[in-house]
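Next up: some structures, all given as structure tokens.
Shared between the two complexes below is chain A, which pairs with chain B and chain C, respectively.
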Partner chain A sequence: MTTLIQYLQYLLNGITLGAIYALIALGYTMVYGILKFINFAHGDILMVGAYAGLFIFTFLLGESTNAAWMLIAFFIAMLLSMAFCALLGMFIERVAYKPLRNANRLAPLLSAIGVSFILSNGAAWLFGAQSRRFPYPFDDTPISIAGLAITPHQILTVLVSVIMMVVLTVFVNKTRMGKAMRATSLDQSTSELMGIDVNKVISLTFAIGSALAAVGGILAAFDFRVYASMGTMTGLKAFVAAVIGGIGNIQGAMLGGLLLGILESIGAPLFGIPSALRDTIAFAALIIILLVKPDGILGKNEREKV
Partner chain B sequence: MLNFFQLIIIYAGIYALMAIGQNCITGNTGMLSLCHAGFFCIGSYATGIICKTLGLSFWFSLPVAALCSAAVGFLIGVPTLRLKGDYLCIATLGLGEIIRNIATNVNPVGMMAIPRAELFGYQFSSRNKITFIILVWCFVLIAYFLFRQLAHSRIGRAMIAVREDEVAAQSNGINVAKYKIGSFTLGAAIGGTAGCFATAYTLTVQPGSYTFMVSVMVLCMVVLGGMGNLKGVILGAFIIEFIQYFPQLVGLSSVIPAQASQIIYGLVLVIMMICRPQGILGRDNYRYGDPRSLREKIRDSFKRPSKKEA
Partner chain C sequence: MRILETQEVTRAFGGVVAVNQVNFNVEKGLVNGLIGPNGAGKTTLFNQITGMDVPTSGKIMFDGKDITGLPAWKISRLGIARTFQNIRLYNDLTVVENVMMGLHSKVGADPFHGRFIQAVKSYFQAGKENRELYVRALEWLDFFDLSHLKDEYARNLPYGNQRELEIARALAADPKILFLDEPAAGMNPAETAHLMKIIEMIRDKGITVVLIEHDMKLVMNICDNITVLSFGQKIAEGTPEEIRSNPLVIEAYLGKEDEE
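On to the complex of A and B.
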């Protein structure tokens, strides 16, 4: 018998999962907003971020068991991994997508699939096929509040995600560069005429998206472990989240991520789906949303003009 | 050594069938579909179930495998093909994963010892590879001629119009949805046939082997050879299969890691898109009502195209 408390527990787990999806979905949506193409390699940047975070964290930690240092080392590892992924994202854009900016729509998509393949198989080659556990930077005993079990890593996940999203919202809405990004996503050629360096804006978009993916990857690693193909499924679902919220819309990605996380967590027990088929929910949700409201929940209805 | 070459030719044939199907979807109609592994899976399972569980002949399973894949392709195509290129790509990727997911959950161990294909009392065993090569390549040739005729027919021209510009095609009275669903279903059917041959050759069905990687490999063949060019696609299948089995061929499979070939596929996609998006052989330059004789055509096909292709 599934009780209310159990459903609240599912909801809570769903919010944590949703926060991770939202972080990753932001990268998809920002790139789509400006370049109108799906960055297939985004999911694999997430995996690179998780590996980078893991290696830097274990390197910094060494033999130390000092609680405060563990937490500090975790945040340093996260920041360094973000920086690394931002550079990687910019590099990939420069090498694999920039030459194709004026090509057929299929071309960058195929190129992105290629990049994704190179990254995931390269990681499998370098780091082996076995998955690794990401050590918790603190004691991860669940805290019991009113019958709900909340683990500290869930609190950390939600906290970090909220901070990242607030920073991003402020950046996009309040700064000069953010304004340039919004202008570029509205109309690329006009913004160029207005003196905006579009190439710089696109590089920055990839950098920010990839840095957020790195955070998402590290946070996801607590739940899913670190392995070479971890980005494929997580990335796909984050993309679904971006579409649900309305692709190209930053608030939409946050909302869509949260909704998908909750749906996935509650959906399986609610509809009686075996948990092995959980992934099916996300894709069913994608197909339904695309049929009912293809522009997503917060998306604007744009008609195609010839 | 010779054994491996024969193996490559057989697998190139099976994958050439898949690539012809993918070419119909991606090359002719311009839809980026990433679920060919799913159709392959359905075809394999259909053959496995018919030959082993029901005990019927391989030749009966062949059309059934094609029909099963086509039915799934049609059912999935109707809702998803209304989507634009990028969404379609994700939806079909999801579909491929769902098919594999269901196959793995329903039948985690797969099927073994499936009866061999028979023709007039002759058994196509994997030991005598030559006969199997003939069997597979006969079907590749049939598929090649059928799809070549299709591409040059009224239907094929409509499909190309959809690829070039959906809105323009629609305004010229082409029912875009009909042609999209039709070509998707056809591509799926050929994918199922390829699955059927794969089962007939290996005599096993393993749910773990229908991964996303297979779909990307097939896509790679189409991109490498030239989207929309059937000869190119078959050439692509050969090249990709050669890369796949190269480590075993030279006896270095312990030195070269398994991921190397997959990294090469990724590189192929990126480099081809940047340097030669039309593929090795380029677009199929078919001229309607060609006045040239066969000899002139052969001579011309060895000449470099004089004007730059768009």
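On to the complex of A and C.
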């Protein structure tokens, strides 16, 4: 029999998973907010981030087993991986999307799918098809609190995600660059007349989204290991999370990610869904939200004006 | 004194030459009119000057600098502001926020090119900077008698007020030249009279005005000089009196009399 404690445990696991979805969903939603374009290569950026993080981390670690250095090395690896993915994101935008900005809306979408294939197949070719374990930067023995088992990596995941989201919120709301970003998402050509360099804003958006995806990839790697196609399903679900929250809306991506993580974790035992069918929950949720509130939970209903 | 001139500017869309080797001169501190029948290429010329579009050939000189082909955001930072035939406001922002956006390019360093220290400083002063912007935006709203509407969403304003707000926002960027594309379109006579006063006030502030307008009463009353375009070409240039009596202009507007 499933008890309350067990459900609380599912909730906890769901929050951890949801935090990761939220980080990745932010990249989809920010790009959509500004370009009205869905960057289907975003999921593969998180894979690149996980690989970069893994390689830098194991390189820095070497033979060392010093506990403090392990943690420091992990954060250095995370920051470097973020920087690498930020550059990669800007590069992809410049090469694969910018030339198509005035083309048919379908063209950049197809280009994104192409980039996605290049990244995932490139990774499979370079690093092999086998999956790799991402070592914990600490002893991951679960801590027992009131009958709940909390692992240190779950704490790390939630902590890092919350910090990232707070920093992003402050950046978007308080800085001039953030203001330029919000203005551009409201109206691109008018913003240009206000002296805002829209190309830079777009580059920056890709950089931030990709850096957040790198963090999401590393955190996801603790649970799902690192492999070339790891971004496909996780990326797709993060996209679903962005749509549920209201695509284009930053708070919506955070909320949607969290909700989807909790729903996936609790939904399976609650509705008696076999764990093999767990992935269907996200897409069932997508269908329901599209039927009930197509603009997402926090999305605004924007009808074309006549 | 000439503050801006286009030299032989041409813009062709495929086989259609919308602007054909136009030399358009803007005199500093005056109200410069740009008129012509529909489809004469007036807005296209505006678009070339403000960086919304790139000329096929020709040069645009502003304050002695060649600005041909610069992106719109750079041209805006150089001090060229404009409004549109179809109003372009941030509909989902309030009136005062719209004007604050106009101030964006003016206050503080360029958000991307500023020095790192400045960027950090401006971050910690964001609250203060916003308060300053707010106060200055209110001053502009006062200038246009729009202060009582400051917290209204731009989309909810009456049409005439939206036009005024667009002009207020353009002026907030402290431009050297203001390009107005048919500001009186859709206005009733009272609103047009008010607009005329506003344009005079803008000129008295020392800001050069370039005006595209179909309301001939407005144009003839307020413009210091007028340039006439027809089918993409400049056909006349001069004072309102000269333009009024120019046979080429009359022909462009009314058509040629059939000769028996």
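As a working rule, the second predicted complex is superposed on the first by the 304 of 306 C-alpha atoms of A that agree within 3 Å, B and C clash if a C-alpha of one lies under 4 Å from a C-alpha of the other, contacts with A are read in each partner's own complex, and residues count from 1 in each chain.
To be clear about the criterion, a residue touches a chain if its C-beta (ideal position, glycine included) is under 8 Å from a C-beta of that chain, and two chains touch if they have at least 3 such contacts.
Every value quoted in this text rests on a predicted model; they were computed, and no experiment measured them.
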Query: Touching A:150, do we find chain B (first), chain C (second), both, or neither?
result: neither
- request: Using the superposition on chain A described above, determine whether A:193 touches chain B (first), chain C (second), both, or neither.
  value: second
Message: Looking at A:90, would you say it contacts chain B, chain C, both, or neither? Reply first, second, both or neither.
response: neither
Message: By the touch definition at the top of the document, which applies to A:76: first (chain B), second (chain C), both, or neither?
response: neither
Query: Does chain A have more residues touched by chain B or by chain C?
result: B
Message: So in the superposed three-chain picture, is A:15 touching just chain B, just chain C, both, or none of them (first/second/both/neither)?
response: neither
- request: Please work out whether A:297 is in contact with chain B alone, chain C alone, both, or neither, and reply first, second, both or neither.
  value: neither
Task: Please work out whether A:99 is in contact with chain B alone, chain C alone, both, or neither, and reply first, second, both or neither.
output: first
Message: If we count contacts the way the header does, which residues on chain A are in touch with chain C in the complex?
response: 174-177, 179-180, 183, 186-187, 189-200
Task: Would you mind writing out the residues of chain C in touch with chain A in their complex?
output: 50, 52, 71-74, 76-77, 81-82, 88-90, 92-93, 101-102, 104-106, 108, 111-112, 122-123, 126-127, 169, 173
Query: If you look only at chain A, which of its residues touch chain B in the complex?
result: 37-38, 95-96, 99-100, 103-111, 113-119, 121-122, 124-125, 232-233, 236, 239-240, 243, 274, 276-277, 279-280, 282-283, 286-287, 290-291, 294, 304, 306
Statement: Per the touch rule above, chain B residues touching chain A in the complex are 26, 30, 32, 34, 79-80, 82-83, 85-87, 89-91, 93-95, 97-98, 101-102, 105, 167-168, 212, 216, 219, 223, 257, 259-260, 262-263, 265-270, 272-274, 277
